[in-house]
């Protein structure tokens, strides 16, 4: 067990029905750092990240063995409530998905309101702080009552990040957060990710290798469901130890 | 799978191979000119300038490749090393020019004893062989070949220090010989050092190891 | 082949002929609706006045029928809408299993069952075994058998239109599934649900057969849950079988009121569903 890890998977195997998506993954996510998970399509990186916040099990045929530790405790233990885990481990998705029937303000406050966590909190303040942290406040502060879908794609994604942050999770998972965005919006999100690691632990799945090398401190390379190599981003992108990693990041396949 | 960056890398490698052959040529001319007492400075100067220009081109190409292709891992190491090696090859050229200059300005080995001439000949052979190894190992990215310079480098170092030591303690009649041969052996030793740097870069390109071969 | 059949002019003629036949068919298809409207308005419009709309049948009015129709629609909605929507929610959100698939099939069959069979079933089940008399409740139950499948199906379809990414976003925040369904999914499908409800009401507003078996008809205003009650379709049916000219005219008047009600509901459905396609704007 890695005592320095915020989250850690131990002998993790996952299936969709009979198809095995993850094979014996032992991977640590270090605290207050950005860990990038890279690999070709279908390598299991999205599956892995959804295991971390117990979203994997929402799919009907999903199965899983092994442990996933959050601060040393298994989140898949019998008495653990997945809903509670998801409040501590937030997620931002590939396509921005603000709630269409809610305003910008309501979107950010949604997490607190719908989980009953709003008691004793000043919602205005929480909304403002979250939007500021997501570097969106200045752009929307006069339009908080406008629908969440009335802003641009890049802004919507930052809104989703603000929504996730409002609950003050410990870990933020990001599943290809900039895939659907233009380069400038992507650059803003990347900068935000690097700032977020000050207060949160971030794990980001990306198929863009340059993005992984720009934003992350640690990189894990997955291929066909197995963890091929893990190391500091510098090491991986300068001198990877595994020839398969070398082949992938230099673009020889994938 | 052939990638866009491959063409750039191959061009760079071919260019360096060409440059390498030129360095061997220039060193051959200059060293032999010195040993035989022939004046070769104009020719050597021309080649040396060419090598410097080529070195600059390698540097420019390196930045082009970085800016356009964002290389990583072995590609990145190759590109970084090619730039270093281009620099080392240009250095070969400069030292060749230095040797040609002292040959012209002071003199060659004409004023020296036979034993000295033989000694310096032997040292030159060793150094030229190291240069040869560095060029060939680069062409083939051959680590084993590259590592063989270690041995020769130690020998050259020893020969250099021994000779200097000898100069200090020996009663010299001919100051021209003393100065000329001291400078010559110095340049030979430096050329050997750069051959080692090139070989270390080759190892780094292939497996990312930063070794000390000297 | 004779040259004439290949010429451009003949081909153009064929095109126009085909177009003409289609157009003629469209006109033929609309004619019945227009003629219904025309006939009903022509014969019924003269009957409409305040007295007609508010007096009981013996006084020559159709007040009880209007009241009855409103009562029966109200009662049916109270039963049918909640059950329909909740069923639809079950099928959409929790219905990934064999039981749900079976339910869907049964549901679809129910929408096709002839209303007279529903009526007679309601008579046998409720009036004979439960109430003992004709009863608006029995009528409401019978009509809800027709309303529930429609509301359930449209609810399910509306909910399925809500992108899964919205549900995921809510669940990922640590919101319970039931809360997600209510606060996020239902809210997003709101206009679809309203459309579905209106569709359900429009469907049952003009049904006659089930009412024949369960509330029978009455000349007077509402007389309690254990007595027969009047309704517009019933009034039309009953009056049309009488010889008296006043009865016939009253029937036409009732028909006009009923058709206006149904038209209003259908137009309401159109208006409500107009907003639906705009809710998932992608930028």
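Order of writing sets the chain letters: A, B and C. Residues in each chain are counted from 1.
We adopt the following convention: a contact is a pair of C-beta atoms (placed from the backbone, for glycine too) under 8 Å apart; a residue touches a chain by one contact, two chains touch by 3 or more.
If you're wondering where the values come from, they're calculated on a predicted model, not measured in any experiment.
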Chain pair that, of all pairs, has the most C-beta pairs in contact | A-C
Using mean Cα positions as chain centres, tell me which chain lies farthest from chain C.
-> B
Closest chain to the protein CA centroid?
-> A
Just curious, how far off is chain C from chain A if you go by their C-alpha centres, in Å?
-> 47
Distance between the centres, which are taken as Cα means, of chain C and chain B, whole angstrom = 94
Rounded Å distance, chain A centre to chain B centre (Cα mean) | 52
Which part of chain C faces chain A closely enough to touch in the complex?
-> 96, 163, 165-166, 168-176, 179-180, 183-184, 187-188, 190, 279-281, 283
Okay, in this complex, where on chain B does chain A touch?
-> 1, 3, 5, 70-77, 207-208
Chain C-facing residues of chain A, complex = 53, 55, 58, 60, 83-88, 90-91, 93, 95, 97-102, 110-111, 114-115, 149, 151-153, 156, 160, 163-164, 167
Can you name the residues of chain A that touch chain B in the complex?
-> 209-210, 213, 236-240, 245-246, 249-253
